[in-house]
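My questions will all concern the structure given below.
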Amino acid sequence: MSELTHFNEQGRAKMVDVSDKAVTTRTAIATSSIRVNAAIHVQITDGTNKKGDVFAVAQVAAIMAAKNTASLIPMCHPIPLTGVNVHFDWHINEADNLYEIHIQAEVKTKGVTGVEMEALTAASAAALTIYDMCKAAGKEMVIGPTMLMKKTGGKNGDFERTTE
Amino acid sequence: MSELTHFNEQGRAKMVDVSDKAVTTRTAIATSSIRVNAAIHVQITDGTNKKGDVFAVAQVAAIMAAKNTASLIPMCHPIPLTGVNVHFDWHINEADNLYEIHIQAEVKTKGVTGVEMEALTAASAAALTIYDMCKAAGKEMVIGPTMLMKKTGGKNGDFERTTE
Amino acid sequence: MSELTHFNEQGRAKMVDVSDKAVTTRTAIATSSIRVNAAIHVQITDGTNKKGDVFAVAQVAAIMAAKNTASLIPMCHPIPLTGVNVHFDWHINEADNLYEIHIQAEVKTKGVTGVEMEALTAASAAALTIYDMCKAAGKEMVIGPTMLMKKTGGKNGDFERTTE
Amino acid sequence: MSELTHFNEQGRAKMVDVSDKAVTTRTAIATSSIRVNAAIHVQITDGTNKKGDVFAVAQVAAIMAAKNTASLIPMCHPIPLTGVNVHFDWHINEADNLYEIHIQAEVKTKGVTGVEMEALTAASAAALTIYDMCKAAGKEMVIGPTMLMKKTGGKNGDFERTTE
Amino acid sequence: MSELTHFNEQGRAKMVDVSDKAVTTRTAIATSSIRVNAAIHVQITDGTNKKGDVFAVAQVAAIMAAKNTASLIPMCHPIPLTGVNVHFDWHINEADNLYEIHIQAEVKTKGVTGVEMEALTAASAAALTIYDMCKAAGKEMVIGPTMLMKKTGGKNGDFERTTE
Amino acid sequence: MSELTHFNEQGRAKMVDVSDKAVTTRTAIATSSIRVNAAIHVQITDGTNKKGDVFAVAQVAAIMAAKNTASLIPMCHPIPLTGVNVHFDWHINEADNLYEIHIQAEVKTKGVTGVEMEALTAASAAALTIYDMCKAAGKEMVIGPTMLMKKTGGKNGDFERTTE
């Protein structure tokens, strides 16, 4: 005799059905950061890092990662992005020996799902790339916090982070 | 007449030559974390998230991301990993409404470069996957800090983070 | 003098033009199976496989493979999937020493081509992943038959397998 | 107070550590098959399939899939392959209206893990590609059984399937 | 005190916003070429290349590369292609010992951006694949020129190369 | 009765066996070029291209493409690269309205196969990326010739192009 047990109903994974969601313009902005030491700060701003122009490479990495999000995040729906933009800002307090790069990634699409994951993935990839290019000068760098700042489009309403 | 300018020497990117580095056993441990709300904590521990078993999916995502690191991080050397292991722990303080998942990724190889980036990428991918699966119940989740905890192997000596 | 020969008309490959096909909701269901030995059956159901929860990993592999179908199958058109669902059932007959896992993959899209290949690829990836995780306990496992069970949407009409 | 629970020890996934396994020459042979109808048999042998030369495309797909195995199978270790070879044979019995393509994939490496998964993945990709190219002429095609026929190299000893 | 500098406005990369562009049918035709020696010409036309049928493999490589363009070209928008077709022609002048393969790649989509990059990438991948399969018989092969021949669709008007 | 025909021996593709080749240090240098118009020359040198710093992005694209070669070129063996370096030079003759970017890609590995394909793929990806970023200012750009300049390592002897 045959014994049948259904597993999917017991918490296993699925990529949920979004066939009936409307195609709308959707945007998301995520931020991350990476705290570096003074020597790394000099390397980046002077362009003396031996692997190259750190922000230029990190920006390309972020954009390519945004396009690759659905391959990285298993249950994430694939959506063709229509725009990606990544910014870097230094937050520096020399008295406290604080050298921090703030990363902002903005992603846009016209599609049936939001692009929060694409923005978060872009910001994370930028931070990881900065770490990789600078790690010869100090492995103690700290990445994050990484979070969604804003999201528009879609029927669930917009999101804007109120306090950081 | 022809005008020649060399650009590579001006801070542009390269994947640095590691041909002469020795093949040794190398390990790295990285951590990340993600702070969620009480409802998401219940979803994960009760197995009621509609996308599936959150930790199971995040763990697979982390391992696959570790193997995919050199495609994600532009100047990172490709190395065939020999082992990847990912742990999740809950840090909970109900009085403060604090529900935080700690993620630890450990990566191992026998190769010419370290696996710090693979461990950091694995931990980041796990955090992003948890965010993706739980975001319907609260987009205010915060990822990180993400950092290297320990590294062994290679001539540059070992690394161990002293204070977190 | 110049000699011109056209090769494409002689049976070489092309990704056929589907620009004029209508965007409709399309679904496909494919099945595969894998026959394992009694020890592997115990490993999976008891959760003692040393590589992890076999069905959880196989399900993630199937969903990621479905999204990756157009990279794996050369002449297959890329389409953004809107949903993927994978089920596992045990078919057991202890008297005959038969332990078989039935795999069903259901894929959905709104697009110009059907998703038969995505469903078949998902089911195949699930079976291959189960093989990989269990092969230390017996390499004699047999995968398949793998086949399309049902398909809806598109102007060529629906398909439903009549007899298995 | 903080509550700690370890999840990895509870059946979650890991890519097991193979750092201490020896580098040896390893081979694996896997087979699959696909049963087609008479019209598809004519299309393939006459080179009249509108998507191109079916076996030529399937062979390329198989070889590329073999190289891509560790991206498809989550817990599979990445290994640089040193050779891949794929054969097709027709098994035909017109009296029974049986037209079956037998697929054999042979994979070779010098590495620390076996290449069973690469051979099985190659054979599966070949079968899926044949299905894709011929499905306009009949979606009832059946793929498989797919299985490992032979394996050499590694300390666990060789494997050879005794009866099919 | 904190120091803020905006970098993106200083020439750094972004994937420009195409959210407001109209979905239209778009086509592009690109050409490349590869000059080979007499021995390679014989190998290809006689089917005696030890790696296989050169044009068959190059054609598959071209089609798969076209689908993969947005992963290869960092600022290129991802678009789901609806058709890809690749042709090869021999241009031979034995008196001058000239054996040149002309490659033409035609790509089609319905989307918001053109497919010039997909056509150019397909033609380039075909040329590179021919080089790879034939390089054992002469590494002096020369690829190119590679260029766009024609483009239709989109509000910027059509393009047709006037003189080569 | 059954009819068996072997196809592989008839010119079909295989990834040839290199298991017995020696691991040695191998290098390859390839060049490509792209001819642009005067306006594009200004955009690139002034940093006013709206998609970003053209050479910075092209350099990252080249390095990532080099690492991805075995996924792009079907019969190419996967090898872990140990170094990649890309240079750009302007060759300008204003009298003739000639603005040409020369691209040189140098790749290094310790492995069983040469890295000619990786160098050629890197140079091609750089040229394609420049085309993509500048095409809004003129689609008549011409890429190439693309060719191998030098190769060292491996038992087949070194190669150096004598006359360009």
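Chains: A, B, C, D, E and F, in written order; residue numbering restarts at 1 for each.
Note that in this section a contact is a pair of C-beta atoms (placed from the backbone, for glycine too) under 8 Å apart; a residue touches a chain by one contact, two chains touch by 3 or more.
Worth saying up front: this structure is predicted, and the values here are computed from it rather than measured.
Touching chain C and chain D together: B, E. Rotation angle relating chain C to chain E: 120°, from a CA superposition, given to the nearest 5. Under half of the residue numbers at the chain D-chain F interface are used by both copies of the sequence. With every chain reduced to the mean of its CA atoms, the largest distance from chain C is reached by F. When every chain is reduced to the mean of its CA atoms, the largest separation from chain E belongs to B. Which listed pair repeats E-F comes down to matching contact pairs by residue number; over half match for A-B among C-E, D-F or A-B. Mean C-alpha position of chain B lies 31 Å from that of chain D.
Separating the centre of chain A from that of chain D, both taken as means of CA atoms, is a distance of 35 Å. One finds 30 Å separating the Cα centroids of chain D and chain E.
Counting partners per residue, chain A has 12-16, 52-53, 56-57, 59-61, 64, 68, 71, 74-75, 80 as the residues that reach two or more other chains. Applying the touch definition to every pair of chains gives A-B, A-C, A-E, A-F, B-C, B-D, B-F, C-D, C-E, D-E, D-F, E-F. Those residues of chain C that touch chain E in the shared complex are 1-8, 12-19, 70-71, 74-75, 77-80, 111-112.
The touching residues of chain A, counted against chain F in their complex, run 52-53, 56-57, 59-61, 64.
The touching residues of chain F, counted against chain B in their complex, run 25, 55-56, 59-60, 63-64, 66-68, 80-93, 108-110.
Chain C meets chain D in the complex at residues 10-16, 32, 47-53, 56-57, 60-61, 64-65, 68, 71-76, 116-117, 120-121, 124-125, 127-129, 131-133, 135, 139-148, 151, 159, 161.
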